[in-house]
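Shared chain: chain A. Partners: chain B in the first complex, chain C in the second.
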Partner chain A sequence: MTTNPRTGTRDDVTQVQDDRADVRGDDLLPGPAVDARDQVVRGRGSRIAGVVITAFLGLYVIWTLVPFYIMITSSFKASDAAFALPPEGDWGGAVSQLFVFSPTTEHYRGLFAQGEFERYFTNSVVAAVASAVISVVFGTTAAYAISRGRFRGKRDLYFWIISTRMAPVVAVTVPLYAIFKNFALLNTLPALILAYTVFNLPFAIWILKGFFDSVSYEIEEAYMVDGHSRWQALWKIIPLVAPGLAAVVVLCILLAWNDFIFAAVMGGEAAKTLPVATQGLKSASGIEWGQIMAAGVVTVAPMLLLGIVIRKYMVQGLTMGAVKQ
Partner chain B sequence: MAVDTATPGAVLGTPRPNTPRARRYLAPLLLPAVILLALLSIYPFVWLIYMSFHAVGLAPGAPSEFVGLDNWQRMFTDSQYWASWGVLARYSVVSMVLEVGLGTLLAILLNRSKHEKLLITVLLMPMMMAPVVAGLLWQYLYNGTFGWYFWGLRSVGLLDEGTILGSADTALWAIVAVDVWEWTPLVALIVLSGLKLVPQDQLEASWMDGAGPVRSFFQVALPSIKGSLMIAILLRFMDNIRIIDHFIALTGGGPANSTKVLPLYLYEQSFSFFELGYGASIALTLLLVTILFGKLVVNRFEEREPRPSKKDEELV
Partner chain C sequence: MASLTFNGVWKRYDQVEAVKDLNLAVADGEFLCLLGPSGCGKSSSLRMIAGLEFISDGDILLDDRRINDLEPRHRDIAMVFESYALYPTKTVFENMANPLRLRKLSKDEIDRRVRETARILEIERLLNRRPSQLSGGQKQRVAIGRVLVREPQAFLFDEPIAHLDAKLRARMRGELKHIQKTLGTTTVYVTHDQLEGMSMADRMAIMREGVLQQVGTPHEVFNRPTNVWVATFVGDPPMNILNAEVQAADGGLVARAPEYTITIPAQQAAALSSARLTDNKVQIGVRPEALTLSSVRDPQHPIAGRIYAVQPLGDVEIVDVRVGDDRILVRTELGTISNEDMNAPVFLGYKPEKLYFFDAVSGQAVY
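On to the complex of A and B.
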């Protein structure tokens, strides 16, 4: 939903945009309505343009999906098949090699046969979920307070919160490594959970504030007039920001799940996560590409599923709320 | 917020958000998160400053030795430090230009496509992939013996000798390609959101005047999406400083330091050589640049929201 905090006239704005969407045709460029366009670009030219556009979008989709395709198929190919390439320039041979092979699950079995990969998976889940829950619980109350409160230094507080989120991961790792070493937290899951919270908590506050801003204060007010306390009123409006909460949980999980640096430096063997384990397959006794691809699939698949579930909020989250959907 | 001032709370006799009574409720809501975040960001920041003036002891319980400005002096005379800034700048500028150019084009076409929703779902996919996994996957594609992209480049005659990642001339651009693959969609989606706000009647008028699609874009659409473009550019710059997973997976900084961006140099100094004091100095300079960029980003964000007016602040 598009909101306009400046005027508070969300519904009107959304309405205007919906109207515009109706007018917008299926034509080239941010152009005018269809009838106006026809006067400028006539039939044949626009058909050629249409073909060019479709071709470009098609090529872009292929460029985006080919690495996924090769990762997935290589994870199911026997090692000799995955490593074989046709002679240079033999495009026909390439096509048959890309699409025709007898699938095997040997790489997946190899991964889990070591008995450790399940543990890495569990570590990833625990670290990501714990950090997401902490961030959302603390983030919800703080976001509510920032959305509703007016106090001196609010802008500075804002800036501090968002700049924490934007800090370079390695720069944060240096002092955290020293601190966690002093507290004997290195190579434990709590160290990772705290480290992920450095980025997830400001993110949760920042995004959830946007969601609270779009809930009218009058709703809480009505509850408070009815004799509910402010805490109860906050509790009552939680359902209204529930989609935001779900989106933030998923995005926090995504950030923690995909992290490499923190886990590589502070996780050690005891708190090894999937990305570190996948990279680790490279240095251990030669490069096991088949297993790396299988590990990649195991690492990426859950996030793809989650991402599709909250597709609507993905862009908003990835842009720190700069883009509202 | 303008929304809040419009509410008739005071009239109804309930606590408005800015009264002292309301603040008693707000403080306990706000403080736990602020304290937690302070422990996780300000405390380490103070540590970082402390470390930058010390040779940090590594053995358990080993004391850190005060070395004054040694780390800082070393940094300013370290040629690799400055070279790594250069690599970072080159990498960021090239990937940013490609991502913004390609992303804007994509956004324009997406905005006109019947299959916008499906295409966006496809475009989101690379962004879900752990960057280190993306790096490993592309290392596989670039591999000089069995990599499909290596094979493709050889087959169309774009690569005469050597491997893609093994040559100092091509390694950095190969990593740029990975960044473009993973993050161009983000730029496209930000720009797309800006395009949705382009006033259609103005575009129509521009078309009626006989301006072609390109001129209409520059005259009418571009001013409207300038804000979105700026946010996209800043976010990509920040992420290029923040995330080095592609580099770790693909090259580790080589060959011949040609891909050793500054955050990677910091990583190497701190966690390969365990020069944590020196690493702290480098980290502080990186943080400084990040904070400057962050200020720009936040200013951009705030242009979309009203600043709390002086009057509001005085109410407290």
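On to the complex of A and C.
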């Protein structure tokens, strides 16, 4: 029987029989992995449906992957091999040409031999990452303000921000061109970064607001009462919106990475990005299909990697923010 | 620890006035319960103390320091939230240690305080769990633990046990009261449940639609409510209210309704005659436990009624009696009436000294 020095209570005074405080161990262990779907007895009808669905998905996978396959193999084929036609009626030869060839890296070497392609790649990375970072930083703070703040015209402001996304890209290209021209930003990377941010920021605000809405305000209030400033409280709840941030980062990078029109109109030579550079391989002297395929591979690969790395958060991010638990 | 003072505090949200001219003093070490139905302004008042809402007008003082413009973190006030608001990514230990880490306490001191508080709350075994692995009662204890470790100027509770089941609530009332009395920390406790206020508070402050109705000890509020609304809000089952008209008779006053005539005790008759009643209309309040029942009419049971329903509660039962168009609840010993059929005739008796009289128009009590 000890006496609590701070409260002066004896331990045994507050010892009360409490069945609820003792969560039995088995309450906390994860149960056997039973999926409700496993227990559904499947009838004949659903088996046929299963075959149909599998067949459809199989076709869909082929449909999706074949272009990639052709792009990748063509990038490693010598130019004559890529366009070689099998004799008429020789189906075996046609199929073997899809799979059997002697790989060469000549197109990749040719691509980078110009000495400029690395720069285009860097431009793409800088434009995409910078615009994504700006969008995430300002998107987070703006979304937080819209989610938490109480001010007049909040709904209108929110709608206005989303509505800026409704205009098609071409509609803002010309005005932006004029603006950038006045600010002497044409043919610079900042122009591209700004242009991408124009489109990414509303999107980031929109997604992140949903995430902040799903985080209980009382958690931040608890942080503030505990002794944190509002900024610190916001920083503390960032892990709770991390899936949203991941989704925003990826989608912002994708938009910038895949953009052609802004880069073509405003980028010029100084801020040429991969899509524009690839298009440039189609010149009056001929179309460098091998190099175009190699450029395609170089363009697609980083995004594939990014998608794989961040895929878990993205799926969560795209569903969780919208659906209120 | 400190005293808390509201000086003419207002809270306005756009068009809505949530708190209207609140003047209230909470003494050092006092357990004050802010009581009222939802939307009465009690939570807004609490959140203004914490600094989570701006104060539209007036001042809030902590001791003699005006804290209106102080950020929440500089007020040194701890708060338990209705939703518990535990930090989902942190363990129970880290949840409780968080406020201490900010105060730059040594690691050993943090460890000691958290474990000690955990022992008081019997959550030692949960220290490594995360909030998602806790039951409602456990989360609530952790939330309380997070404020207890701090030794702040004041505790604020915002309906902390509203979401627990009835049994656990009853136990937590006792525990919270015990903890508050042992620590002696000034506490403001917000609830809509009059039972929590009655059972725990040193004083209750009852609010309605942003206006403070009455402040007093539970005993005062229960026995001397200032108006009909407070009278019917405090107590369970609630006080019965009957409409009647005051008339002069036999040198005294009587309250007359079609079904009954009640002789008004001399002291209250004097108060009533000096009160300026509109059209002599009065509301008579009588608590269910101040009424008696009989199956036969006798001088002690003059009011005739019919049984509407009977709710047995173990040793007592609540009998719902219809008198004219009114319904009256009577709390009585089990077995007082033999015939519990619907519409069976019963007769009500009352203790004249237990009657309350209210101005039927203003609702103010007349003592």
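Rule of thumb we're sticking to: the second predicted complex is superposed on the first by the 255 of 325 C-alpha atoms of A that agree within 3 Å, B and C clash if a C-alpha of one lies under 4 Å from a C-alpha of the other, contacts with A are read in each partner's own complex, and residues count from 1 in each chain.
Convention: contacts are C-beta pairs under 8 Å (C-beta built on N, C-alpha and C of every residue); 3 or more make two chains touch, one makes a residue touch a chain.
Since we're looking at a predicted model, the values are computed, not measured.
Judged by the touch definition given at the top, the superposed model places A:Val225 against both chain B and chain C.
Within the superposed three-chain model, A:Ser216 lies in touch with chain B and with chain C [touch as defined at top].
Contact comparison for chain A: of chain B and chain C, B touches the greater number of residues. By the touch criterion stated above, A:Leu240 is placed in contact with chain C alone, chain B being left untouched.
Using the contact criterion defined above for the overlaid structures, shared-chain residue A:Gly307 touches chain B, although it does not reach chain C. Using the contact criterion defined above for the overlaid structures, shared-chain residue A:Pro275 touches chain B, although it does not reach chain C. Within the superposed three-chain model, A:Val100 lies out of touch with both chain B and chain C [touch as defined at top]. Taken together, the two structures place residues 5-8, 20, 23, 28, 150, 216, 218, 221, 224-225, 230 of chain A in contact with chain B in one case and with chain C in the other. On the chain C side of its complex with chain A, the touching residues are 13, 50-52, 71-73, 75, 77-79, 81-83, 85-89, 98-99, 102-103, 113, 116, 119-120, 122-123, 125, 129, 133-135, 137-138, 141, 146, 168, 171, 175, 178-179, 182-183. Across the complex, chain A meets chain C through its residues 4-9, 11, 13-16, 18, 20-23, 28, 150, 216, 218-219, 221-230, 236, 239-240.
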